[in-house]
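As written, the chain order gives the labels A, B, C and D, with residue 1 at the start of each chain.
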Amino acid sequence: MVGRTEREPHHSERSPRRSPRRSPRRPLHRSEAVRDLLRATGMTTVFGNPGSTELPFLGHWPDDLRYVLALQEASAVGMADGFARVSGRAAFVNLHAAAGVGHAMGNLFTAFRNQAPLVVTAGQQSRSLLMHQPFLGADDAAQLPKPYVKWSVEPPRGTDVPAAIAQAHRIAMQRPRGPCFVSIPADDWAAECEPPPHRALAADTTPDPAALGRLADALAGAEHPVIVSGPEVEEEGAGPDLVALGERLRAPVWTSPFNPRLGFPEDHPLFAGHLAAAPEAVAAALARHDLILVVGAPVFTFHVPGACAILDGGAAIWHLTTDGGAAARAPAGESILGALRVALPALRTRLPEEPHRRPPAPRAREAPPAAAEPLPASFVLSRLAAVMPQGGVLVEEAPSHRPAMHAHLPVTGWGGF
Amino acid sequence: MVGRTEREPHHSERSPRRSPRRSPRRPLHRSEAVRDLLRATGMTTVFGNPGSTELPFLGHWPDDLRYVLALQEASAVGMADGFARVSGRAAFVNLHAAAGVGHAMGNLFTAFRNQAPLVVTAGQQSRSLLMHQPFLGADDAAQLPKPYVKWSVEPPRGTDVPAAIAQAHRIAMQRPRGPCFVSIPADDWAAECEPPPHRALAADTTPDPAALGRLADALAGAEHPVIVSGPEVEEEGAGPDLVALGERLRAPVWTSPFNPRLGFPEDHPLFAGHLAAAPEAVAAALARHDLILVVGAPVFTFHVPGACAILDGGAAIWHLTTDGGAAARAPAGESILGALRVALPALRTRLPEEPHRRPPAPRAREAPPAAAEPLPASFVLSRLAAVMPQGGVLVEEAPSHRPAMHAHLPVTGWGGF
Amino acid sequence: MVGRTEREPHHSERSPRRSPRRSPRRPLHRSEAVRDLLRATGMTTVFGNPGSTELPFLGHWPDDLRYVLALQEASAVGMADGFARVSGRAAFVNLHAAAGVGHAMGNLFTAFRNQAPLVVTAGQQSRSLLMHQPFLGADDAAQLPKPYVKWSVEPPRGTDVPAAIAQAHRIAMQRPRGPCFVSIPADDWAAECEPPPHRALAADTTPDPAALGRLADALAGAEHPVIVSGPEVEEEGAGPDLVALGERLRAPVWTSPFNPRLGFPEDHPLFAGHLAAAPEAVAAALARHDLILVVGAPVFTFHVPGACAILDGGAAIWHLTTDGGAAARAPAGESILGALRVALPALRTRLPEEPHRRPPAPRAREAPPAAAEPLPASFVLSRLAAVMPQGGVLVEEAPSHRPAMHAHLPVTGWGGF
Amino acid sequence: MVGRTEREPHHSERSPRRSPRRSPRRPLHRSEAVRDLLRATGMTTVFGNPGSTELPFLGHWPDDLRYVLALQEASAVGMADGFARVSGRAAFVNLHAAAGVGHAMGNLFTAFRNQAPLVVTAGQQSRSLLMHQPFLGADDAAQLPKPYVKWSVEPPRGTDVPAAIAQAHRIAMQRPRGPCFVSIPADDWAAECEPPPHRALAADTTPDPAALGRLADALAGAEHPVIVSGPEVEEEGAGPDLVALGERLRAPVWTSPFNPRLGFPEDHPLFAGHLAAAPEAVAAALARHDLILVVGAPVFTFHVPGACAILDGGAAIWHLTTDGGAAARAPAGESILGALRVALPALRTRLPEEPHRRPPAPRAREAPPAAAEPLPASFVLSRLAAVMPQGGVLVEEAPSHRPAMHAHLPVTGWGGF
């Protein structure tokens, strides 16, 4: 409680805006990947009270990260709470398993009420012991800090630890801010991983004007931008705004995988098709573009595992969404949170009226199928499309004919799916 | 899946904007209060599959509410999911206790992924039976639908049922939308309650321009507006914007109860003091105002129970906040969600430059205390304030001297608390 | 850590065996009811660190209960852990809401691992405030101590607080012992309640020989004992043992409400019928008996609320069950935990071979129904019973004909339902 | 609902009593390990409604396991409920991820109330996708079926899947029985694992007389039996019973790792020392014994990972415990559940009075340490032991001197730690 004069706004860095690193990523020891992340996110002061299960992370501690050793876990969280709120940046906390997290719960409650952005990590016994209730081991470790965390996780695999910490940071920093928790089994440190790319996140719930400006610059400078449109577009009534943006950019527009709403009018010349929910297929479809703008969808919803080359490669990925969870989970790119029906027009007004690029070639469409015995589904659907009255309602119960439906029965109006 | 033409935007009503009813509220039977709420929120179609525990709500069903009876609970939720997303309004679902909610969980998962705004209610055995595991009774009823709901509650008292449903509706409609759950013990219906006021909520995460316009009109027309400033103001770096708004309005500014940040520079002529966390005290402090604008704080944080006359009385209450939970929990008034550092300047530019009202009289301050044996705390604090260097740091550990500190050691700079 | 000599076994009181009070219960102030419970269960030393929300319980503290004030919540739980394990009795802990429970969580983890029987209570803000997130209020209060408690509850009504504490004590004392948690809204203290009867519970998972002896004495001395048989009997293969016990006692045997297994062969002369799941109906059916022995069922499963006179009246209630939860929830009587197929024969061998009482009069059975147009269900069922081959399988999907089925289609063999 | 005659007791197999396989275990494909487990536990009928995430388990389905395909998940659980209760054995259920489990929740509630022993498994998306919310992926998968399961887990590693299913089976079969849930990421099937040994579990909460008989035979026939004594012994007042058993067996007695109570009088000739919480150390200490009887402790509590040779090797492991969780988690051996103060005397009376084996050589003890400057802790402690009055209380706060304390300050009386 002080009587000091106005200082320069401490929030200027609250949305880290460093541009994502594009260099090819090489495997790193996991503790090294986490330390890089601490540096990239500005969490260079660590508050903690560690024990045996945290030692693998603490060996060879580097000089440029400060470790503030608290005498008890409650103090570690209390100091981190104040530090985070005064600095405007998330603070990193390093606790001991189970009992250590327990001691901290009182001050974690307070930090949650204070909306202090904390990334709280705690050791956990080795995965190889967890089925047999080891000494100091936590049962269902992600449960203990609830309900006084915004997010709590024990990662599904050791290799996910750095990505989990990165995600915790992004969730902690979204407004209203608050603590997140990551439980880390001791043997998760004992290997390398592919470090997660450093992402940027404009975390105000209103689209950040400066971030929109940078996105407009990037779009204006891109050679071959592409748009992926998701369910939030129709959900927020922003469909016409998206069409207008696409037309100004002369960019093709794909529908996001498994979009439960209309992504784009399927008879529009810019409509490029439906992305499949497979990493390789998405990478192939978007491979030739240098800027990928995902609007109102996760980056990306997959149904099968695999490698998605565009996520660590050359293309810049930008992400407009109202869904904070989707922004936090995106594995790459810069997310700008906030209402699409505000962000899309604001973005368009920042773009030059006459785009220098030529519109994409129209999508090849399947020829209308011919009738046959028995009737092919594609023929039925294409006839249906021809004779449907405006506003007719069709109930779909035929997932195995989804591709034929996409091909021959286009959905053309907002609210039409 | 249809080929119909563009229809008028179905989202025009998504933020109900009917002005709050100001008429004195009279006790209503609880089921009647809930039905009024269904009408006020547009949830006039109910999807359900009820059983014995839901009967008290269903008796004397009115003609203007449609009850769509599903053959199984999964169908009820599936229909409601589609209805909600096509209509752009929340749908109301009425399920049977425990097993009924269980049957619905598969489609509730889908509705959650679809971000469909649902208010799912389920009966529960009578409170008088719950300690003894009755037939059909749910154990920890609010737990079952997790984690596929945005909010889940069994109200603390029967009289809270209508307010809980109202809160569930407000949370379901905030973006990203999704299902909420309310468990209702059968004997909770058997009495009257004070119906919750019908509130409005602009639920986009970006401040709704139309709602800001209406707030500006209300502020321009108010005789004696007052501002209550909470922790989000400093948290978002919007302090100077709030000062500018206060000065344009010539309105006194209070700090919200238990504000953990600076609410307003305490040496500013418009600073009116610190609200206590007691309903009667808040009502007394704000009683003479016809418009109360709460910025960046809950409406209100109380520490003791009591009656807060201003919440159902004559004053219009407006609420700007980034915290969706606070917007949903506010018992009265119209909430506009979104970043304060965007909303406050946008609001100010909509206000006339020359306010017609005179500034409030300066707040009476306590005289500097005199020294004595032993030293009074107030004297120590006032001397401290006089000699503190700019930027000095003071750690406070004396809650019992908080009033003296407020009186004699003002915090004057943003980032200063 | 001491080197003292063997002292007398401290476990002799571990199963409180005071006979249940039978005197009519009169309403008591709730804090008085809880203090009586502390005395009856031997929890006369209280460890705590209270705050404002606990004050209603602490006013007018009596001389015969010792309150050990800890400087922090962790110490309160730590002391209680040691005290409970050394004394062999549960210890009572009294914490402050939310943050207080949080501070205690580290030592609560340890107490859980130590299997220390603790009844941990914490204040909570008043119910009238809970919908609006008051200062110090816990969100979903019963969640915080999980997963390191055996049971956690915020009672559904204020009047249930003493019963909830009694239930927590019974669960804490069952083996393996451990902490239980009860969250108590501050306004729950402000009224009277009907105090829960003081119950006895032999909490070893093996039927306690001494308790079985006392039950045998009570049965031998009873004038009109009655047996209620539940699903555990068939589940554990103890059906023949129950028949033998019933025959030795010459006592009528009812099936427990909603028994999902065969309770007793329905053609046996001692079979008395199926109890309905309604408090008044159960009381009426068992009213003339002076000893009610419930075997393998809850006491009792009800479907509707109401008053069950036998629960606070003259009849002694004894309860044999393998289900610790059912033993803890029983509102009255003495429960003996452990395998029925061990307890039932052990009990029979303790009973005199020649019972002094006469067998009950055979149950009146409905006359076989006559055929009619249309066929009455009862006629169909009685014909079905007559012509069913041995071992035939019948799938029932007609709950509305359950009474007719009970009347005309008796289930006679174990494994037959 | 049938009228068939008494058939032979269907519960005869309820405690599988096949002796544990001792043959060296070789790695198996995980789905093969699970199928072996289904055969060993009698869960040879599988009820399910699978989808894509379950396919890796279903390929090359063997002829001796029956898969009953249900049309919807609710039916799968309903059939399994009836099958399990009629057969007296656990039934295995195979559901689809997230939405599939959701559809089943209504009948899972019923199965939980029916105390039907079910092992419910569900697919989950691949671990490599889980950080990014894939299509069909469950969030916090183990949460969904709560609170209507006895146990719910997503294993910490893919290699733990067979052991998790084995543990779920053991918990489901303990009384009161009920459903358990295991979530299995699709990529967990794609490797081999060391199959868990097939264990036996006498799951009545009262020590099974037949199992005690077999244990007595094994003890009488063993050459070098050893006892490990845990905290439940003192906790249940069974210390003298354990001393009497040890003396009749002439077997050395170790204290279990991290025992928070007295394990055995430390001045007794049979006392062998304190086991360390390390797998290799435990294996070394017990290596020369052919029968290991663990009484009132987990098998075993470890603090560090490693290989414990005795768990898959030649020694027979028997386990007496009151703690069902410890019985289910034990990685090897046969567990007999129930009160130690009943089981220990019952076991002793089944043993021959004159054991054929000679008592173990007395443990070498450290010589009393000499005084020095500064005073060694061991000297202080040995003097303390010499001068402590009977019944003196010593509070320990020196974990780093625990070995010296064990060496020089023996705890000799029950209730003394």
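The rule is short, and it goes like this: contacts are C-beta pairs under 8 Å (C-beta built on N, C-alpha and C of every residue); 3 or more make two chains touch, one makes a residue touch a chain.
Quick caveat, the model's predicted, so the values are computed rather than measured.
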Counterpart interface for B-C, drawn from A-D, B-D or A-B and sharing over half of its contact pairs: A-D
Contact-richer chain pair (by C-beta pairs counted) among A-D and A-C: A-D
Subunit C and subunit D, separation of their C-alpha mean positions in angstrom: 28
Intercentroid distance (Cα basis), subunit D paired with subunit A, Å: 41
Distance from subunit C to subunit A - Cα centre to Cα centre, in angstrom: 50
Shared-contact residues (touching 2 or more other chains) in subunit D: 140, 325
Partner subunit D, residues of subunit A touching it in the complex: 52, 126-136, 140, 142, 154-157, 160, 163-164, 167, 185, 187, 257-258, 277, 298, 301-305, 325-326, 329-331
Subunit D residues within the subunit B interface of the complex: 73-74, 98-110, 139-140, 143-144, 146-148
Interfacial residue positions of subunit B with respect to subunit A in the complex: 1-7, 9-11, 14, 85-86, 88, 113-115, 175-177, 204-207, 231-232, 235-237, 260-261, 322-325, 337-339, 341-343, 385, 388, 390-396, 405, 409-417
